[in-house]
Structures are given as structure tokens and as C-alpha cells.
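Letters A, B, C, D, E and F mark the chains in the order given here, with residues in each chain numbered from 1 onward.
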Amino acid sequence: MSDSNQGAAASTQPRKPFGRILLTGAAGNLGQQLRGALSAWADIVRVSDVAPLGDAAAHEELAVVDLADRDAVHALLEGVDAVVHLGGISVEAPFEDLLEANIRGLYNLYSSAQKHGVRRIVYASSNHVVGFHPTTSVVDIDAPLRPDSLYGVSKCFGESLSRYYFDRFGLETVCLRIGSSFEQPKNPRMLVTYLSYRDLIELVRCSLFTNRVGHAIVYGVSDNRAKWIDNAKAAFLGFHPQDSSIEFEHLFPAGAPTTDLDDPTQRYQGGAFVLAGPMEPKR
Amino acid sequence: MSDSNQGAAASTQPRKPFGRILLTGAAGNLGQQLRGALSAWADIVRVSDVAPLGDAAAHEELAVVDLADRDAVHALLEGVDAVVHLGGISVEAPFEDLLEANIRGLYNLYSSAQKHGVRRIVYASSNHVVGFHPTTSVVDIDAPLRPDSLYGVSKCFGESLSRYYFDRFGLETVCLRIGSSFEQPKNPRMLVTYLSYRDLIELVRCSLFTNRVGHAIVYGVSDNRAKWIDNAKAAFLGFHPQDSSIEFEHLFPAGAPTTDLDDPTQRYQGGAFVLAGPMEPKR
Amino acid sequence: MSDSNQGAAASTQPRKPFGRILLTGAAGNLGQQLRGALSAWADIVRVSDVAPLGDAAAHEELAVVDLADRDAVHALLEGVDAVVHLGGISVEAPFEDLLEANIRGLYNLYSSAQKHGVRRIVYASSNHVVGFHPTTSVVDIDAPLRPDSLYGVSKCFGESLSRYYFDRFGLETVCLRIGSSFEQPKNPRMLVTYLSYRDLIELVRCSLFTNRVGHAIVYGVSDNRAKWIDNAKAAFLGFHPQDSSIEFEHLFPAGAPTTDLDDPTQRYQGGAFVLAGPMEPKR
Amino acid sequence: MSDSNQGAAASTQPRKPFGRILLTGAAGNLGQQLRGALSAWADIVRVSDVAPLGDAAAHEELAVVDLADRDAVHALLEGVDAVVHLGGISVEAPFEDLLEANIRGLYNLYSSAQKHGVRRIVYASSNHVVGFHPTTSVVDIDAPLRPDSLYGVSKCFGESLSRYYFDRFGLETVCLRIGSSFEQPKNPRMLVTYLSYRDLIELVRCSLFTNRVGHAIVYGVSDNRAKWIDNAKAAFLGFHPQDSSIEFEHLFPAGAPTTDLDDPTQRYQGGAFVLAGPMEPKR
Amino acid sequence: MSDSNQGAAASTQPRKPFGRILLTGAAGNLGQQLRGALSAWADIVRVSDVAPLGDAAAHEELAVVDLADRDAVHALLEGVDAVVHLGGISVEAPFEDLLEANIRGLYNLYSSAQKHGVRRIVYASSNHVVGFHPTTSVVDIDAPLRPDSLYGVSKCFGESLSRYYFDRFGLETVCLRIGSSFEQPKNPRMLVTYLSYRDLIELVRCSLFTNRVGHAIVYGVSDNRAKWIDNAKAAFLGFHPQDSSIEFEHLFPAGAPTTDLDDPTQRYQGGAFVLAGPMEPKR
Amino acid sequence: MSDSNQGAAASTQPRKPFGRILLTGAAGNLGQQLRGALSAWADIVRVSDVAPLGDAAAHEELAVVDLADRDAVHALLEGVDAVVHLGGISVEAPFEDLLEANIRGLYNLYSSAQKHGVRRIVYASSNHVVGFHPTTSVVDIDAPLRPDSLYGVSKCFGESLSRYYFDRFGLETVCLRIGSSFEQPKNPRMLVTYLSYRDLIELVRCSLFTNRVGHAIVYGVSDNRAKWIDNAKAAFLGFHPQDSSIEFEHLFPAGAPTTDLDDPTQRYQGGAFVLAGPMEPKR
């Protein structure tokens, strides 16, 4: 980590629950939300992204790293107790890009984490691994995978890879199948998939502090009125969302059902993702 | 619809979510509850029954129709966007009567609705389609059918017929397995099956406004203390009852369990229905 | 039964397992196959149909009866120990016709059977009660009902009605979801759904002689190579088909898959039935 | 019961729901909690233990009885309407001791209860019948038995024996798989398994007053944040815990997960029980 | 083992798969069948019973032992590699007798086996652990326990105890839920539950030689026509029965179903066992 | 395809079921088995590998192609009706190698197949996608993925990607979870996982000729005695293995179970694969 921007020497009083947590994808939308929260739980928060990360807080270590860079990732994991992995691409993209960031990058992360003895990774999976389930159904955490995009396929890969590292080495992972985590829902579909920032942080907290998680899967959705997901089998994590999209329902006044019954963006939980891919590579 | 009693010309400003909703069985107990509610959601509410319907409100069209009358039902469905079907017989009755009202009548409704391009029907099914499940079990929406009466059998028919029209033509239906919807519970069993009028209206609202429902089944029961039903798989409808029979528990003070373990009205969820039929025809 | 054509006085030595079995629909394709077989199991076989039944054998009682005729059906059931009910319509038909033969007729049968103390009915249901399940799935006897036609809906009614008579009165029924029972398969789909006559007779034998059947459901399909059905939960009936459509595969040489992926007659187990209805009434 | 210490003559106005309820294990931790509660529900509460029971209240009958004493237990059950059975050993112990108290004792209880026509027993089973399920799973009431101790095995025996008495004689039982019922959680694991005294009493109330329970199983756990159990299939009992361990979470501040992934007391729901046995007999 | 009757010095060429197998209950019906078979698989077969065991063969060690005698059982297990445990009571009996032979005796067996490092026990459980399932159902190896007798309850205890010893110590057990293993079926019910001696031996062979069994449950039933059981989830054991009760069907010619629908011996899989208990102790 | 070695002009009489089938991985062990079989089903068999393919038969087109070469793969798929995809790496390997051959290569295949309108792909997945399930369990086609190696992870990727292409474009795939397909089993584990060459060919035949397959999963295992897999839900494919490892059991005489209960190669279905990875890249 010699080449990273160390914001500060580690605190001299290591009394927080975790010594060092790594947050990847820290410059992104969700990363910014979690960056602050993690400081309450770890003496040192190592924050990482390919994008600029701003100034380091007193307890932070900054590292600009491309996840596809094997050696850089190996260095990034050194001395880390737990990882919150938001890094990589979180929307549909050309396969080549997903291959580098979400597939090669994830392998680099797990391979390095295992070598460094990291004990747990909180992995930002996505509800898009089941996005081709119909909107007239409810999926639990054992539902068959139905990715709705190449992005969704890359997240299926992450769930498989992390399962392997748990079965093989005992490296624990919680796969968060995050819905739509924004300031507020942006369209009617997100009334169902909305995850508030506060609930996201609570979900990460549960994922880090539950004493044993094994290889767990849990949907990241607030306590919205309508639900496509069922977390009953993940109750051991103790996640209870406090927010709901109900307060935003006025933004999208209820109308009669849309009339094109065959419109895949309405038929499937993945919404617009189901038509977004596959994208051609940018040349 | 030329022969029906038009309460008023259609509103000149069609800005409600639905253009025209048909409410059948409007003169009945539940029909009266819903008649008012529907006016908030549709420019025109066509209200229908075999019994007198009183005066038409400004936005209403009144139609006295026998559901067994094929041509009359065909006319009734003209220009309708969605149907809330409470019509027919809602208690045990001689088979001949159920055959006309609930079987032939339902076929007339669906056949006509399909021809007129109606998109969705909210169908008053009943928990009596599973009334022969024991009171010591909890049924979800996939539980095997166990009708407790010929009435229950007629409602099974309705669920099958509506499933066919969805699979065949995409005509959506929400089957409401309504429990005991009255002002208040009338006996101890209804503490379990009670559905408040307010929750009934909310259930119909969810059934009409959820963007996609396919062919859905949901139990219509308030948030009572003891439950024989589990709506988890219908969570996509977003139905959350607001009322509970708890406020009425004082009406039926708890006693020791009844002593006849073989009493079918106590053993089975259907209560007195399980002994009510089959009735002989009235001659 | 005074007005029926009694083929012979009952045997003076009633030593067969059953005293009197009623066979309805005896003039039809399957009825003719079973008519002979039943004579080995009952002292008297009462054979019935709306169509002519030919001459009565020594042990037979003939009765030309319209199932929709309540009083005639009541008389038909007198003195009967068990029923093999093939009567009614076995293809898609206008609703009015199905209503009379398969709905009203079935009620007449069960109502009369219960009053006469009949103990068991073997009911010819159909695989068309699940015909809208895809051909890329396997349905067991608890699969959700997905009728593919109004005919299929009428068979769903029969399964519900017979369930009610069992739960209410203990009148046992075996619902045979018969596939395609012909001399030989008539098209490629029937290679999957074929039921040989010999296997049909064996299935009826198991249904009559198993000591307890309760309300049972079983698929009637021979031991064909590809299967859409799974009878594992009906193993208590002891049905083991002896024949297979393999010997007829040469009639329909394998080709590449058909190219229209959306063709419902190829997508769904019901085949051509899924498009056959609803039929308009004959006027 | 002539030799027991009768606290008082039975009330002359038998107007409570139950005439006489027997409470065994009344001197224990939970017994003391329930002893008072039962007085509201029964004219007479017969309280029993091998340990001293203090003074009898006005409505109480006291009986010091060893459950392994067949004749004494027979006398204990005379005139009893319902039993709340907390008696026996509730921790890991040498097999000989469990055999006498929890196996022979339970047989004595059921055998006598059946002979005296007792209608219902509320049986203190334990979550230790499933204690070898991992802490990364959620068990419902149909989960395979995985006892974590000889104590747990003895409770499995109780569940089987009571099932037999229900199937054979209709003697109803509710098996309460009680978690950790203390004034407050004593360690971090109990944050998950905590059952408040108030919720325990409510659970017993539901178990006694639900009109039909058959042979029911329900977990006794408060509304804690993290859960290893799922009572959805027992919803017919109407148990809704009012308390939660959340108020005690400050006693056990969250730390990073413990590091020995193979530690069975952390891997399995049974906690320390999984290593506590088998104990050698005391000689 | 100094006080037991050593039939012969151990073979000097220990080349069979097992060194020493213990067979308990060797004097019983099934014990006699297995006694010979085991000699092919173990250098030494230690045969045990409370009843006389006849002469020892060259490779045999004889031990007359009461399973309730803790010290004797401890000695019995010394030097044993695997156990085939048929000992104890195999019919309904007074609880006291079952307590000694099947509960205390089984604890003695497992406790001693664990201390001596025995690796695997093949345990004769019984289909009577599920005997209160109806004859109109098919139970798989995860079906809820429904013992039909105190004997059945004692076998449930054995399944729980052995599960505990596996989860706690890794001592493997195969629970054989043996049906009716006799020379031939003795009544019509046994046409369903028949297990030929040859198939019993094959089942024990699979149970001993499968490399890993964990804690397994499997039904011991031949390839009979009608089946109440489903071994699909135990396919890893490789048990394929070679015999069938079909060859004995002529002994019990098929008749019409028995007429008393409520007769529990006909309604439940356990047959006469469901009424046999509880037996009073012999005094 | 101008740069590939055309073995012969296409037949002038295109009367076989398929016009052109592409076989990838044709130089490998299984490829050689299938190369001949395919000629009976397609007018032209395009055979491909990175390794030399020998001489082209009269009906063959030869193409030496690296699957990671996007443009070459695109050309390879031109004019193809169906694909049998055995290409890629079929053992544990460094991640970089798997990434190119099994991940990038598979994307290239599906992307190109979709653009060329290919209708169906038979994809050689592997039982190593579930290899971390214990050998004491039976997995069906809906079992949770438990890859036992990075190779297994790469096959999970293939199952997800092909699912996406089916849901998105209707491109059908049969995922063959092939066990151990060799001339004969090479070790005791393969007695369970053995798939004869003849059964492999039959499995491919079923996968190509079943009229609709959607996205199907099926295990490729012969009719061996012990089984870890259950194909019941794939019965619509009509696969019935004709061979069994029984004839090879003499090669691995049964011994007592191995003694290290914790040996992962014995505990898990994947055998030696569970320890084989992750491999370091070759540098």
C-alpha cells in the first residue's frame, strides 16, 4: 500500500470493532453513503475506487486502484479484516467492460482476500440476478437465477465465486441483492425496489456484525408496500428496514395498469434492464 | 346498455385513473361498501345487480341484470375497462341456483369481458375454496383446493375459469379469497377470518392498481391475531391490512376449548359451511 | 332402473369382488375398452351412455341415460357399488354443452351416488386440467391447475366437486388425468401423452381395488420415453404401465425442432387444445 | 390427591374458563412466572414439583411429586382439564437422570392424562431439538430434528410421544420450543433466542385457549432483531410476541465476528449445549 | 469380552473388508438371516442377543448380553468396527420393556460405540415411525414423524439419538425403516410393506459399504407394486431391491375395498400397530 | 468460414433433420465420440477445436478456432442451426485460462449464435457446478449451485449466461451436467458419476431433438447403482441411460469406508476437484 494516499496514521487507540475495513467503489453513489458509516466500526477505513476519492479523513487510507489490476488488488487487501465491495460496474455495459471490472476484478479481490486471510466480504450483488422473474411473483433467496442483463450475469458470477471461496476456504460473504438505492425512487418500479440509504447502511451493519454468516444472500429492499422479494430465510442477519417508499408514492400517482401486456419492462422485475443488453463494445 | 338506468351523463373531464369500472353484486353487503369507493377511481362506475340499486349518483350507470342472461351480460360489459365482480350467490345454496349464478353467470361474464377487451377482473372468490383444511393449519395461496360446500366448489370453478382466460387471452384476474367481511365478527370463528370493510376496499384498490397481476390469488383477511392464511406469495400486490379483529375480541370472551374434537365445524376452517350443504333444490 | 334394458338376471353366484359396477360413457372409445374388462371384476356391470350400447352381455344391465337428467341419473345409481365414470364430453365444446354434460351431469352423478351409498367413483379427468403448463416442465399431481380449454375447466370442476364429496361424505374418488388413449399415437405430441388401452385398464383396476384411495389424483400415461408428468405421489395406487409409445416412434420420425417458438400448441402440454376454445354455441 | 397439600377448597363459583389446570415444574424459573398467570384462567391451579412449592394460594392445590413415580403421577392428573408441563430437567444432564425425569416421567404424564381424559397438554419442549442447525440458517416448525444434547434428544422423545397420543387418542399438545427465557439475555447468543417472561405467558395463553391445536409445534422466542426460527406455519395459534431483546443489546456491544470458524458453539444454534454432553452419570 | 463364548480364534488372514462387525439381535428372525451374510464381509462377526445363539461358526464370537446392562454393552463394543443393530424389541410392548431394551439399551450402545471409536452403526428403525400417515399418501425420508405405537416412539428416539451422535461425534448411522421382513407377506397390507430377506441383506450391504453415509434414513421395502414410501433422497446408498411382493399377490386375492372407512388399521400405514398400544405393563 | 478447411462440399440431398450442426471441442475425448454420431443427424457437421482435427469426412467442415477470438467465433457460427458446445477447458485450471476459454469464449459463442439466429445450443456444463454438495445427499436440477473449483465457477457462469440468452432472445440451451464420461470408471467415485459414451450420445440426441427445451438442465450420468443426482424434473427430455457402472464394480472391490471423515475429497460430490483449485497462473 506504499503507493496509496494515506490520509492519516492509524489511530493509536484501536478500540473499534474492526481494525481495518476496505471499502471499494467508494467514489460511487452508494460508496459515498457508506464511507462515513464505516468509520464508526473500524479503526481504519481503506477507501478505494478507480475514480478520485477526495481528501482522506483522519482514519482513512485512500487507494486509487483498478480492480482488474491483479497486483494492485493484492496490495489493496493487505492488512484488511473485512471488505465492503461496491466496486465494479453497476449498470448494463459491454461485456468486455463487465469482464474486466466485475469478473476479473472480483476474482482478483477474492484471490487476494483469501491469501491475506480476510475473513468476510460484503458483496454488492444485485436484484438483477433474478430480474427475469415476473413482476407477478415473489422471489426468495433460493429462487432460481434469472439474470436480466450481462450485468446481472456478472453478478451471478460473483455469487458463485464467493460461494466457492466459502466452501473451499471458509471466507464468508454476504451477497446483498440491492434493489434501487437512491435518494428517492425515480420511477414507479422503484416504489417496489427502493432501498433507502439508511436501510442500506443498516444492511451493511448487519452483514458485518452478525457473528456467523457463512455464505448468505439477502435482498436489499426497504419496507415498501408492494414487494417482489422475501427475506424470510435470511432472518438470521437481523435486517429490519426502517424506511419505506410509501412516502414517495405521491410522486407517481397511481394510474390504471399499462396496456401492453407483453412489454417486458413491465412484465419482469428487472424493468428496463431486461432490454438494455447486450451492449456492443465501444470501439 | 340502452335499457339500463343511466344515472348521469359521463363526466366531461375523464381524468380519473379508470374510465369505466363495472361493479356487479352492487346491492349486496360488500357491494354497498365498494360502490362509493370506486367513484374515486373511475370516471364512470357501472353498478349492477339483480336486486334494486337505488338512485344513481352523478357518475354512475345502473343496470339490473341477471348474470345468467347471456345477452344482458354481454351488453353489461360494453365499454368497461375493469370489473369488480361481487355478483352471484355468496352462501351455500342448492346446486341449481349456484349453477346459474356462479357458474353460468361467471362464464357469461368472462366470455363477454374477453370479447369487449376488458383488461382485468377482480373476482370475489372465497376462503371456502379451502374450507376443508383444518383449523390447525395455515394455508398459503398454493394450498390444494378443499372446497367446503357446493358454494365453495362454484368458487373453485371461478378460479379455474379465470385462470384459463388469463392463460388463453391475457385477461388478468385477482381472485380475492374473502374471509368474513362484515361490520364486525359475528362469532368466535370470525375473529380469525374477519376482513374489515376498510381492508376490503384497500384490497380491491391494490387489485385494480397494481400494474401487472397476471392471475393472482390473495386472501382477504384483516391483521387478526390468529391466522389460517399466509399471503406471503402475493406480496407483489402490496396489500397490508390496517384493521384487526383484536378490537372485537371482547365480544367473544375466551373460554376453554370446545369438547367435541370431531365437530367438523370446529375442525375445519370453513366452520358451519362444512355441514351446510348439499342443499336440496327448492321446489 | 325398470326402464333400462336388462341384459340378464344377475348371476346366482355373486363371487366376483364387486357386486355391481356402473360404467358410464360406455359407448365411447374408452368405454368400449373397459366394458369387457369390468366383467371380470363385478357380478353385474351396468353400462350406460346417451348413445346406443348394442346388445347386453349376460352379466350386463344397459341404460341409455342423459347425465343432465337428474331423475334418470338417480335411478342409474341405485344398487351400485362403484362407478367408472367416462361419461360426458371429452373434447373441447361449446360451454353450454359442457355445462350440461360435464358440470350438471357430474353433480347429478355425485349427488345420486352419495344418496345411494356408493363407495367409490373412478372419474375420467384429463391432463387438460394442466394443459397450460409448458412442455419444458414436468407436473406432479400437486401442480397448480392450468386448464387449457373450457373442457379442461369442466374437468377442474369435477376434481373439486369430487374432493368435496370425499371431505364431506367419505365418497372416494380416483381422478384419472388421462393423456391420449387411442390404439396408437396420432401425432408427435401423443408420443409423450400416449396411454395404451391395456395400461388404461390396469389403471382402472388399481383405482377400483386399492383398499383405500381417499381422493386421489393420478396421471394416465404409459411408460413413454419423454414424460411431462410425475406420478410419484400416487405410488400407493400401484399403477405401473406396461406399454410405451416407443414402439410407435417410427411413425413420427424425429426432426429438428419446429421453428415458431411462440406457437402455443408447441409450447404448452395441452397441444392443440390450448387454441381450440372457447367455442361459440351451436345455434 | 388425598396426600397432597390442598391450599384451599375449590372456589364455589367455577366461572373461569378452565376448571383445573395442572402446572408441573412449578418451582422452577419459568414455573414461578406461570404460577400466577394461570390463576386467572382456572378455578383451581394444581401446582406440582419435586422441589418445595411454598404456600398455596387460595385457588391452589400443591403436590410434591416425582414424575418418575407412576402412581403419584396418575394421582396428580385426576380431575385435571389441562396441563402446562414444565416439569423435568431443562439442561444437559447424565442420561440416567434424563431417562427418569424426561422420558419415563413424560410417559407417566401422558399415560395418566389419557386415562383421566385430560384434553390438552402444553409441553415445554426446547429449541435444543434443532440446536445442531447452523446459526446461518432459519428453521421452521417442520425442520428436521437435530438435537444438540441428550437433553435435546429427550425433548425429541417428548415431541414424538405427544404426537402419538394425539394421533391415537386425540389428546392435544402444543410443543413449545422455548428459547432462552430469563429476566434478560445472559450472553450474545441469547439476543437471538431470548423469550421474555411476558411473551412466555402469552404463548401459554395462546396454547391453552386456541380452540383447536391438534399436535402443534411453535418456537418460543420474542420479537428479537435476528432470528433463527420461523413460526409462520403456527400462525393459527395467534402468538405475537410483544417484547424484544433489542432493549438488551447494549449489554453485549457488537464486536467483529469471532475468529474460530470451526467453534461449534458459534456455528450451531444450540450454542454451548452442543458441547455440553454427553455427561457421565454421577456415581 | 472374556465372559462371552468365543467360537473361534480370529482368522489369521484378516483380508475381508471389515475386521470385526457386531450383530445384535442375532437370535431373532432377521438376525438369523444376516448372521450368515455378515461372514462374507468381516473377519470376525460378533453375534449377540439375550436369547441363545447356538453354536459359533469359525469366524464368530458369541455374546449373550442384555442391552440394558451398561457394562456388558460397553464390553460388547470393544474392538468393533461397525455394528448392525437389530437388538431390542421389534413389536408393540409395555412401555417399561421398551424403555429398557430400546431406549436405555440404545443409549448404552451408542455411548459405548462412541467411546470405543466405532465408525458406523446400521440401525434397525422401522416404518412404524411414520405409521400414522394415511395409506393414501407416500412418505419420503423427510416426512414428519408419526409414530403409530410406543414401539414406534422408541424408534423415533433411536433416530434422534443417532442423529445426535453423528452431529456431535461423527459416528455414522444408517436408519433402516424396515417394513415387513418375513419369508412372505402374511396379510394384504404386507403386500405393500414386504421386504424380502435377500433385499434386507442387500440393504445392509449398501449401508455398510457406502463410503460416506453421514446420518442416513432409508426405507426397507422391496420393489412391490403399491408403495407408501419414496427412497429417492437416499439414492446415494445405491439400494435397489430385487424382489417384489407381486409373486405373493395370489395369496390375497383382490377384493372390493373394505367398507369401514374409519377403521384405523386400514386408514393408516401402520396397520394393526395403530391400535396395539399402549400396552399395560405385565405385573 | 473461408479460411477453414472444408472437408467436402455439402451434400446435395439435404434430407437429414438438421442442416448444419456445429461441434466445438471436437478434438477432445468427448468430441471424438460425438463427431461420428452427429453425422447421422445433420447434412453438414462443422467440427471445431483449437487442436488439430484430422481429416474431414465427406459431410464435415473443419475449423480450428480459438474461442476467445471474437471474430473467429462469429464466423464459426455462420449458417449453423444448432451447436453442441464441448469447447473450452474441462478441468481445473488457472483462472486466466478459464477466463479466456470458458467465460470470454462462451460469451463469444452465445453472442455470435444470437446474431446468426442459431436456435439451440447443447452446452457441456458439469456436475462440478454442484460439487460441494455432500456425497450423502442427492441433488436435483434445482439444487443450489455449489461449485467445487474455479472450473465449476466457470460452468456456473455458462449456465447463467445461457439462461439470459434464453430469457432475452429465446435461444434455447440444454445444460448437460456431465459426470465422468470415459471408457470406464477410473476410481471408486466414478462408479457413481460414470456416463458411458453411448449414454452421452443419447443425451445429446435427446437434447437436440426434443421439440421444445427452453433453458433446460439435466445431469449426464448412466444408470449406476448409487446416485447423487435426480433427473426427475428433466423427464420431458426423455433421457433414459442404457448403461451402468455395475459392470465395472469389480475393478474397485468394495472395502470398508475410508477412515478420515473430514477428507473433503470423500465428503463432497466433487471428489478431488474440491482441493484442486485455485491454481496459480503459469508464468
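The rule is simple: a contact is a pair of C-beta atoms (placed from the backbone, for glycine too) under 8 Å apart; a residue touches a chain by one contact, two chains touch by 3 or more.
Keep in mind that this is a model prediction, so the values were computed, not measured.
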Minimum number of chain-to-chain contact steps, subunit A to subunit E: 2
Shared interface partners, meaning chains that touch subunit A and subunit D: B
Between the pairs B-D and B-C, the one where more C-beta pairs touch: B-C
Superposition of subunit B upon subunit F: rotation angle, C-alpha, nearest 5 degrees: 180
Rounded Å distance, subunit C centre to subunit E centre (Cα mean): 42
Between subunit E and subunit D, distance of the C-alpha-averaged centres to the nearest whole Å: 32
Where subunit A touches two or more other chains, by residue: 232
Contact graph of the chains (line, ring, star, complete, other): other
Chain pairs in mutual contact under the definition given at the outset: A-B, A-D, A-F, B-C, B-D, C-E, C-F, D-E, E-F
Contacting residues of subunit A [partner subunit F, same complex]: 95, 99, 103-104, 107, 111, 132, 142, 144-150, 152-153, 156-157, 159-161, 163-164, 167-168, 274, 277-278
Contact footprint of subunit E on subunit C as seen in their complex: 17-18, 81-82, 119-120, 170, 172, 206, 208-214, 216, 232-238, 240
Subunit B residues within the subunit D interface of the complex: 134-138, 188, 192, 224-228, 230, 232, 254-259, 261, 266-267
